[in-house]
Amino acid sequence: MSKKIAILTGGGDCPGLNAVIRAVVKSSLRNGWQVYGVLQGFSGLLDPENKVIEMNEEHVRGILHIGGTILGTTNRANPFEYVEDGEKKDVSSRVKDNFAKLGLDALICIGGDGTLSIANQFSQMGLPVIGIPKTIDNDLASTVITFGFDTAVNNATDALDKLHSTAESHERVIVVELMGRYAGWITLNAGVSGGADVILIPEIPFNMEYVCQKIESRYNKGRKFAIVAVAEGAKPKGASELFSKGKGEEGRQEVVLGGIGEWVANEIRQRTKRDTRTLTLGHLQRGGTPTTFDRLLSTRFGAAAVRMVKDGQFGIMVALAPPNVVAVPLEEAIKNSKQVPHDSDVVLSARQIGISFGD
Amino acid sequence: MSKKIAILTGGGDCPGLNAVIRAVVKSSLRNGWQVYGVLQGFSGLLDPENKVIEMNEEHVRGILHIGGTILGTTNRANPFEYVEDGEKKDVSSRVKDNFAKLGLDALICIGGDGTLSIANQFSQMGLPVIGIPKTIDNDLASTVITFGFDTAVNNATDALDKLHSTAESHERVIVVELMGRYAGWITLNAGVSGGADVILIPEIPFNMEYVCQKIESRYNKGRKFAIVAVAEGAKPKGASELFSKGKGEEGRQEVVLGGIGEWVANEIRQRTKRDTRTLTLGHLQRGGTPTTFDRLLSTRFGAAAVRMVKDGQFGIMVALAPPNVVAVPLEEAIKNSKQVPHDSDVVLSARQIGISFGD
Amino acid sequence: MSKKIAILTGGGDCPGLNAVIRAVVKSSLRNGWQVYGVLQGFSGLLDPENKVIEMNEEHVRGILHIGGTILGTTNRANPFEYVEDGEKKDVSSRVKDNFAKLGLDALICIGGDGTLSIANQFSQMGLPVIGIPKTIDNDLASTVITFGFDTAVNNATDALDKLHSTAESHERVIVVELMGRYAGWITLNAGVSGGADVILIPEIPFNMEYVCQKIESRYNKGRKFAIVAVAEGAKPKGASELFSKGKGEEGRQEVVLGGIGEWVANEIRQRTKRDTRTLTLGHLQRGGTPTTFDRLLSTRFGAAAVRMVKDGQFGIMVALAPPNVVAVPLEEAIKNSKQVPHDSDVVLSARQIGISFGD
Amino acid sequence: MSKKIAILTGGGDCPGLNAVIRAVVKSSLRNGWQVYGVLQGFSGLLDPENKVIEMNEEHVRGILHIGGTILGTTNRANPFEYVEDGEKKDVSSRVKDNFAKLGLDALICIGGDGTLSIANQFSQMGLPVIGIPKTIDNDLASTVITFGFDTAVNNATDALDKLHSTAESHERVIVVELMGRYAGWITLNAGVSGGADVILIPEIPFNMEYVCQKIESRYNKGRKFAIVAVAEGAKPKGASELFSKGKGEEGRQEVVLGGIGEWVANEIRQRTKRDTRTLTLGHLQRGGTPTTFDRLLSTRFGAAAVRMVKDGQFGIMVALAPPNVVAVPLEEAIKNSKQVPHDSDVVLSARQIGISFGD
């Protein structure tokens, strides 16, 4: 039976977005369906004439490995709290009406926390919604992994690789601030894969004394350099909100000024008198060509969403439960975040090979 | 309590070997243990004076991202069927004796089918053995994934990416033969991630007619090129042993001559009259720097093995059961291979986006 | 003064083609000119209604780093010897007429030997033609370097890097056949950069005895592996046409069958009894994202061509004479090919560090 | 005739250093010479017992593609102004004496401005010195290009590539500060290759008004993002020393705090009200695996230096004059720096395709 479905993306850039869109479009067309792309997230559904376009094979040709999203700029507008004429309004019914007018049978929403929460609200209003999780931080409990994360870890590891020779040649401590405000997955994985000496993550409050001890012990052994990987949300033991103010969009901090990386570097410099530099990777982590893994996962997520539309499964989110992609209730999925457990075997392994968490 | 442990690798090259060795050495040293590297697989234990060396931090410095293995050349010698003076002998007791003479408390064996089967035999003879799986083909049922596989898929995808523009510019069909004699994982994953149009794997016997139909349908739509990814063990429906003879070491075929890739290319050329070329990736898939994922997994496997030595767990193999690394009985692990299930969601997803399996 | 110019590409795929096209289109549009893309090389000018399209900024957006060519498939048709209705005809006057009908002021031709020779013939017939050299082999004397070459060398070096660990781990000789039928530049540069032990190029006929001596001397020193880089046009001393027959399009040989790489590998295997494997890189060398260097050179070539149109300089080819891009007479440029001189300092340097040329 | 030569490196990290050292060592050994590595630059010659080591093939195995330098940490100590016991002294005669005691026939010095100036002073004192230029900024007039530069441009371009999709998805202006205090080569080349919209270099003082005009014109055309590449030494028109104070080692500024990138971003943010972010690449540019080009150039430089020792040519520096590596007088070489000429065809080409230099 022919269907009409729409796809939208919300929130920040994430490697693999185009691969998801490609899979949704190709799978839908092969089912004989019509598929529409919604530009600029949910706000596109407030202006369907200009921002909802029918998609064909041509739109998704050659985009499997291209970063960004062909659905134009991401957008965080929330129809339940929409700012119009200087006021916040609930315009969700307009979205619902337009959905009906367009004759749509399903709405596939690719997004993070924010976007999926909105998707869930629409689901509860009766819209046939399917969510595809997009969180580069991999902080969602309902899925083993999300697309974009492998690319981010890869980009961060690549940076750590590059910094090694320079740190060694110049006898320096280099502190690299990586993404991860609430969850340290990127920093943990990249830190281990990139040979960091110290890894500081939000889940394990650190003590500068132990951080400096680790660095000194290296210098004393004749290894006169060190690499410190710090998640943007890492905090010294006892600190409360010291480092979390003044952050940008969704709390993502992309400017070094006053960031935890710089703070840690300053402390190391003062305490050890070692030549210490800092670097904030910021946007470099989330850009570029998605890795092979992310292209595959994105394709699987997109195709699975279309299978679920076919099966009439709504109000759910696709998730990876190896070796399968499964459906989990959207309501539940958005509630459970995933932090690095202190007894995670990655943490244990890191400690075993001598990496310090500053605790 | 101080321990003396040894580590050996057997079988072919696999990206991540050095990262495993590094993790074992670093973890052991931090436990205050002595750790020995055995050169040239099990045969090194027949000549401990020359081929068993004590390892320290210096040996594993800077090797996290280096391909190959610092334990020298791989070796497939089997002490239970050892060729000496032109005869096959069982020299396993000499291995056992040397193990005792060296005062070893544990032997960590990194290897595939062959090596782990030997390890299991020694385990049954009473040696305290731990296996770390090494199969670039990812064909082991007891672990969700093995190290080296992600790098191989990545290398294969990179090749498919490169071939795309040339196939398109020259209006050609390009057939790429990838690794995978019994299991099609590399070809399946790389095929999806690299945008192949046809994927042929051992698990799904193919029909040249359907392969050519897919190609023709592309040309008819104006897409005048096609990429066909063929696993070395793929077979046309009904073929028995047609393509499996004359292969090299462990059945791995690295020369195009008479390979399935060339056979498929010839068939396409004759049936469709399209300009068709073939390429065998061979060694290019298993070489080079391990990916971030493989560095991490290798480190986790190595560290987990040392934890198991500490816990006195032997006769087991480390395995990934996300999010944990666990121990599975070696005896069982070597028995269960893993092929691509026909209803795997990767296969389903591939079909949904229009990829043909020739069936 | 406003102008109308056209651009076409001929011959095989070459990384950087899109960057040249982008530079020509952007530069022309900023001059207030109209710019037309001709599809399928010179044959596009025989069918201007379907194959000559006006180009705008949208056409060249996001293509700087994309391989292939947006001007569709390459094409080697020669209007001076055009095959129509089963006969070879000279249809060059039709091209000239169409050029006039389109009201074109200039034709920029990107191509190799073949395409530039045709371009030169049209130039002599009075068409305002500018050539941009495209030879991945870098075998043109009039320019220090051509775009695509750096990417090809890079891809070849990357392959040599990957083969190293496997050759070493498996104690093997690996023979890699690289591009270069008449000129050994790719093989020479990649061989040195990728750490090959033996480099065989068309310019230096080799002797298998010396090749094998080099390999044996490595094994005797305990370095039990070797990498041999062979250009497809390399020949043993005294051989005449032994290896040059049966090659494909423009003499490019992409199938290993009967190639020089396989021949060399067989000889090594028989003479040294060493485990020897062979691999033909083929299309992998000319595909993929252009390197930074090639993107820059391509952009410079494209922009320079537009400057020359503005200056009314025709019958010329753009060329790199560091630090400048200059114009050289097309007539001359197509005559002078460039081979590796025996006393090139690259050859000398390679010999100094112990690389054998088999002579 | 057998010789004894020494090699030292001074100054900062530079991709290709190991490839130079490898070429010098291999070439010397094949000449039957002895070759010594001096640790920690010129200061190593003050302590020959601990810091001058004889080198063999083993030392340089597998380092062709490894970043950093096996000669240990770089060092900027100047024997003519050596700080000892809290005083500056001229200890050059001790260097000369040790050189004699070691029985050395030549000293090959790899370094930048500082190191080569010292080398020149020793040359004038009669030491047989050969210089190999090492300046990642490529600001030396006597050689067309220096090793490390291609890798730096490549790393910078890679970063620009990654930032594109994010800038576009988030509708942002991203300002990237790149290396280049006195010369804008890295920023110019990476800017063109990486598709920057604005390039600001020391050679062309900029006007923020024009910079913002360029950005606004993009947004007005519907391209709602922009990439601005700024060299660390770029200055607004009329500014004198505003941005050059407080810089680190050799004036290299690696911390964003108060850097020109941040200043430019602030100005753009205030003037255009566009969401603007900044990023300083810093050490990421000079680290990592050298590109193919740099490995080749480094090998040629190292081998050429050994040829010059053989020929008894001293007081010279190796330099690239395509297609040859030549010797230029050291005295002269260190005097002539190379900045981007305003009429360089790279600048012209960049302007033609619409890149603004803010002038």
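Each chain gets a letter, A, B, C and D, in the order it is written, and its residues are counted from 1.
The definition used in the following text is that contacts are C-beta pairs under 8 Å (C-beta built on N, C-alpha and C of every residue); 3 or more make two chains touch, one makes a residue touch a chain.
All of these numbers come straight from a predicted model, not from anything done at the bench.
Using CA-based centroids throughout, the chain positioned farthest away from chain B is D.
Between chain A and chain B the centroid-to-centroid distance comes to 30 Å (mean Cα coordinates, whole Å). One simple way to say how far apart two chains are is to compare their mean CA positions; for chain B and chain D this gives 41 Å. Chain centres here are Cα averages; for chain A and chain D they lie 35 Å apart.
Among all residues of chain A, those that touch two or more other chains are 66, 158, 161. Viewed as a contact network, the protein chains form a single closed ring in which every chain touches exactly two others. Pairs of chains that satisfy the touch definition comprise A-B, A-D, B-C, C-D. Interface residues of chain A, counted against chain D in their complex, comprise 12-13, 15, 66-69, 73-74, 155, 158-159, 161-171, 174, 224, 249, 254-257, 262, 277-280, 282-284, 286-288.
Across the complex, chain A meets chain B through its residues 22-23, 26-27, 30, 64-65, 144, 150, 153-154, 157-158, 161, 189-190, 192-195, 291-293, 295-296, 299-300, 302-304, 306-307, 322-325, 344-346, 348-350, 352-354.
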